[in-house]
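The following block contains the structure, expressed as structure tokens.
Chain naming follows the written order as A, B, C and D, and within any one chain the residues start at number 1.
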Amino acid sequence: MALDKNGIAQRIAQELRDGWYVNLGIGIPTLVANYIPQGINVEFQSENGILGMGPFPWEGEEDPDLINAGKQTITALPGAAFFDSALSFGMIRAQKVQLTVLGAMEVSDNGDIANWKIPGKMVKGMGGAMDLVASAENIIVAMQHTNPKGESKLLSACTLPITGVGCVKKVVTELAVLDIDPERGFVLLERAPGVSVEEIVAKTAGRLVVNGEIPEMKL
Amino acid sequence: MALDKNGIAQRIAQELRDGWYVNLGIGIPTLVANYIPQGINVEFQSENGILGMGPFPWEGEEDPDLINAGKQTITALPGAAFFDSALSFGMIRAQKVQLTVLGAMEVSDNGDIANWKIPGKMVKGMGGAMDLVASAENIIVAMQHTNPKGESKLLSACTLPITGVGCVKKVVTELAVLDIDPERGFVLLERAPGVSVEEIVAKTAGRLVVNGEIPEMKL
Amino acid sequence: MIDKRVANADVAVTGLEDGMTVLFGGFGLSGIPENAIAAVRKRGTRNLTCVSNNAGVDGFGLGLLLETRQVKKMISSYVGENAEFERLMLSGELEVELIPQGTLAERCRAAGAGIPAFYTPAGYGTEVAEGKEVRVFNGKPHLLEHAFDASFAFVKAWKADPAGNLVFRGTARNFNPLMAMAGKITVAEVEEIVPLGSLDPNHIHVPGIFVHRLFQGEHYEKRIENRTVRPRP
Amino acid sequence: MIDKRVANADVAVTGLEDGMTVLFGGFGLSGIPENAIAAVRKRGTRNLTCVSNNAGVDGFGLGLLLETRQVKKMISSYVGENAEFERLMLSGELEVELIPQGTLAERCRAAGAGIPAFYTPAGYGTEVAEGKEVRVFNGKPHLLEHAFDASFAFVKAWKADPAGNLVFRGTARNFNPLMAMAGKITVAEVEEIVPLGSLDPNHIHVPGIFVHRLFQGEHYEKRIENRTVRPRP
């Protein structure tokens, strides 16, 4: 059975390692914070200027001076730090953040990502996404395998204007976990419980490597 | 009579304007702070990281964490701010400091300055001088008119390795106040009390413009 | 002490003229110079090029200057959630230049640090790279980006002393310190001006040298754009 | 919370190898990492390229590593007042590269901000410009300068919490925050490690993400290089 959004977040959370600083994008990526494995210490960075981001505030304790990059009201954990946007993107460009989780509209089998603009539609802007994908060494994309029309979002080449070149390392969808090997394409690592390899093959438009038995995800 | 070091500093202090941020180099320039004219508010920046530098501390109140660019123990005035070296030179390069006063070994009549290196002698380094002279819009050099051998330090071209190109606007020596007009050379504005124009002419090797009556400095 | 205080927001925007480029601090609606925006609206200055990470919302923040058609061009990284903005942009009444958020921040910082240009990897291979010099450092392509050249910067801090030393609170800091550094004339508005000497000199976020005019805002709405809470257990 | 504490200075310098490039915070003798310097001396690592604004004095600061011939090259802006340094330099036992102080600071900051290169006016037309690209911006020539690439950074702060958030005091801040940002492995030593949550998150000078190893120094001499006082009236 295909995963729901929380399932995708939960699977991505298994990629967290002790001592990592992590930047979570808007949408499914934000949910990853709810599934940090036991015994793992990570800290969340939000590019508008906080390290040590905590959960949403209790009702009535919202602070307009304390938001995340999605403009949501948040809290700061003990040991948090606030900083300006230049320092924030400084630490991103200098690769001090070990993991970046982003949503995407399209990903290509060489790791290009498109997630900021649909021609003909009102453009909202790239925000910090272009800085993040240009610098992060470890980018996981969290997205649906297909778009609302049923077309694959895992392509041989992005059709939409790209956000960054050859940067995505891993994709987690409601159907599968895939690595990206720029030489070989999407490498199928795991499938969602009960989802067949055939379904993944059918819904992946880019080059797809299926080697041997593909295990089910453990959630 | 030629000025002493304090006289040079006192004359330079007359150039201060209300609301200016000022960087004073080591040596004679440091003495300028002792002669701020009445009714003028200025703030002193030291490039190691302080704005609002005050006088030397009272004996016994020296603080190793509070020094100026000459490594002298200092104090901080109310309203002072400490900052790192990048921000400090950022404000220098961005021309937020209205006046820079420096010593020099040589100045040329197009405004070049040499003040960091004597070939054949042990080089100590340029410190922040190259950043200061490359960016400051208003540089006054405080120095002796001649070197210990009696040779002019106001030249048509510097003989020593230069610190910066065409940057000095004004020179104050024990004999004279001179503007630098890159087209015409040193322009004699004032002479020290009792010093003759002839002496200044004799001791200035670069192009020198003497127009009309040259008044004595008022100290 | 060099006193940076001016009487009010109207005095603080003196000299702002049609066609100028202006930096506005804030991220979303957090840390925006509410009182300066109101004063610019009142002044009626037109054809402004506004550099701001976002463009406000309908009826608040920079949305107030879009409503009155005072903005010729927006330079931002993200402009979503603003119907008036969308209408003006689609009708061609408003130019928009979108640039990556980190590049926006660094171009402000560069202006305030006297660095005319720098290289960043952000945007390489994308539309943002069009017309820009590409250079490879450490095997990786980078774009040449330039410092902003802005006449005014409007920023909002939490506290200041009369010398213009600024202190920010929480994530309301965001672009404000960088834009404060970058303005030829920097106008800072604050929630409170505290007596000289009451701010710890170790904890000044923006030294007063970068601030030309300072005033205490009359009122701060500090609207929350996206209220998210945990229900109390 | 990601805990950055290590047992002591000796553990903190683990992995430092012959021939590495190392950044040392401090200006003059103010804010220098006294305990890390002692640990590097004890470790005996050789052929180091040391980036530090100054080179210490005879018998203190980096002078201690010059004495033991552990330094192959110094990259500094000012190296006066050190007889051993002068002897080593004149005898050719020590290479020296002198660069403008602001450029030194900005090259550290660039490394910590992922900016591989930038333009600065400092040094144009001087010996420092030799071999460097010159480019004119706004009618003024600038030099292209590159970010430092250093294996280790040793910095000294006043206080830290266990997460490695650093706070500095007075002008002992100087190069320390920039070098902390720039190190591949950043070792911070502090006078006091305070409990988590006791530092105001608004007043962190260096967020812990930049700090890899943290320890409380055993002893600080904090020598004054140039004691100047006013006699009491």
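Following the convention adopted for this analysis, a residue touches a chain if its C-beta (ideal position, glycine included) is under 8 Å from a C-beta of that chain, and two chains touch if they have at least 3 such contacts.
Here the structure is a predicted model, which means the values were calculated and not measured.
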Hey, which pair has more contacts between C-betas, A-C or B-C? A-C
Whole-Å gap between the CA centroids of chain A and chain B: 56
Chain B and chain D, separation of their C-alpha mean positions in angstrom: 29
When the centre of a chain is set as the mean of its C-alpha atoms, what distance in Å lies between chain B and chain C? 36
Going by residue number, chain A touches two or more other chains at 50, 76, 82-83, 86, 89, 92-93, 135
In chain C, which residues are in touch with two or more of the other chains? 106, 113-115, 120-121, 168-170, 173, 201-202
Go ahead and list every pair of chains that touch. A-C, A-D, B-C, B-D, C-D
Quick one: in the complex, what on chain A touches chain D? 19, 21, 41-43, 45, 50-52, 76-83, 86-87, 89-97, 135
Footprint of chain D on chain B - complex, ascending: 46-50, 55-68, 70-74, 76, 82-86, 88-90, 92-93, 112, 117, 122-131, 134-135, 161-165
Counting only contacts in the complex, chain C reaches chain D at residues 106, 110, 113-121, 135, 137-138, 140, 142, 146, 167-170, 173, 200-203
Listed in rising order, the residues of chain C that touch chain A in the complex are 27-31, 53, 76-81, 86, 89-90, 96, 98, 100-106, 108-109, 120-128, 158, 168-178, 205, 222-232
Chain D - residues contacting chain A, complex: 1-3, 111-115, 161-163, 165, 181, 196-197, 201-202, 204, 207-210
